[in-house]
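Take this structure first; my questions come after.
Read from first to last, the chains carry the letters A, B, C and D; within each, the first residue is number 1.
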Amino acid sequence: MAKLVFMGRLEDVAGAPEMAVKPGPVEQVLAALEPALAVELLGEKIRMALNGRLLTDVGGIVLAQGDELAFLPPVSGG
Amino acid sequence: MAKLVFMGRLEDVAGAPEMAVKPGPVEQVLAALEPALAVELLGEKIRMALNGRLLTDVGGIVLAQGDELAFLPPVSGG
Amino acid sequence: MADVRLSLDAFDPAVEIAGFNARHPNAGGIVTFLGQVRDSGGVEALELQHYEPMTLPGMQELARVTERRWPLEGLLILHRSGVMLPGDAIVLVCAAARHRRDAFAAADFAMDHLKSESWFWKREKTAAGWRWIEPRPEDHEDISRWRI
Amino acid sequence: MADVRLSLDAFDPAVEIAGFNARHPNAGGIVTFLGQVRDSGGVEALELQHYEPMTLPGMQELARVTERRWPLEGLLILHRSGVMLPGDAIVLVCAAARHRRDAFAAADFAMDHLKSESWFWKREKTAAGWRWIEPRPEDHEDISRWRI
């Protein structure tokens, strides 16, 4: 399995901090989610990181076994 | 008596941190000092304070009994 | 050289500052910034969430950038994660330098970047429950001061 | 409100910082600056001379000006006078404020003014003996940043 991670307010939208998903193209993984959640995850201000590295573009990304894809809303630290 | 106070390097020039002087007009007091010291005390960068208050102009100042006239070179604190 | 830590438990800033100063007894100037949970606005608790694979590495990179930009003799970046109460320390930055202005600038720079570019998400608990905090426009203005 | 002190004996900056922080547990941000005698350039000792009728009153006036200019929750200005050795604390400024930028600016402003406008005269002892230190041009540049 692969893993989706939801940070900040996205955790509330998803109802959990993370979710196990079947490996495969990210588009396909997102299409299998609740539409309301998928819309939030694809929001303009949400950044994505694959295994801890920021992605500039999610197009063409395929999640492999053990991959972790994190959805990162705007930060508000300190 | 009145008192002259020499701060910073002026103490070295005067050979003492302070000096008791007879009350009277400042011009007269300075005229009675070693000329080399008087020249230093009247240097452009030296400020003067009478009883803890900065003087804008020493002209016309008369030292009374118990007065303290301080000569203050440029500061270099902290 | 920098000491960069993500703390999951409360830390005592006075102990950390004393330790930092003791390690840099001959630095001309040491600037420290301590950020604490404010006791105001009815905030009962504050939670910072971090993302393990990115938060500490991001702080370490910030330390490297800060050290490249100013000649420092020491740098500490220590940030809490987890649930905090009013008065709890959130973040501590200490910068030691030969010259005062370098220490001030480095601490200020590190704080601006921690606030607006480090991987933390914040929520506050009031009587109305927990609420996620969005970044403030000022945070982005603060950081734009450093673009050269 | 400000705590302004001229110390004729050595002080422990860690104790002072801990005390200041303890008095302001709920300030959002606390910035401290600690200036120490550098162990460099062959300096064996440093002496700061103050002028009793003017030095502390001048520091108190600086505290008032600083507090008028930024909304602070607390301000400490503590300055040594006398003979110090490398590693000894010379000056400590602590500024507590609701907002980070106010605390940074207030501490920075107070330090610039302590360096270039407070009534201290400094001399250093090296192998060649004692030598009076003239103010540096940078000190005046630093202070000119605050003229508005």
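Criterion: contacts are C-beta pairs under 8 Å (C-beta built on N, C-alpha and C of every residue); 3 or more make two chains touch, one makes a residue touch a chain.
Keep in mind the model is a prediction, meaning the values are calculated, not measured.
The set of chains in contact with chain B as well as chain D is empty. For chain D, the chain with the farthest CA centroid is A.
Chain C and chain D, compared by their mean Cα positions, are separated by 23 Å. Averaging Cα coordinates per chain places chain B and chain C 50 Å apart.
For the pair chain A and chain C, the distance between C-alpha centroids works out to 27 Å. Each of the following residues of chain C touches two or more other chains: 35, 111, 115. Along chain A, no residue makes contact with two or more other chains.
Pairwise chain contacts present here: A-C, B-D, C-D [touch as defined].
If you check the complex, the residues on chain B that touch chain D are 5, 7-9, 12, 49, 51-52, 68, 70, 72-78. Chain D meets chain C in the complex at residues 13-14, 17-18, 21-22, 25-40, 86-87, 98, 100-101, 103-104, 107-108, 111, 115, 142. Listed in rising order, the residues of chain D touching chain B in the complex are 35, 48-49, 51, 53-54, 57, 79, 90-91, 111, 114-123, 132-136, 139.
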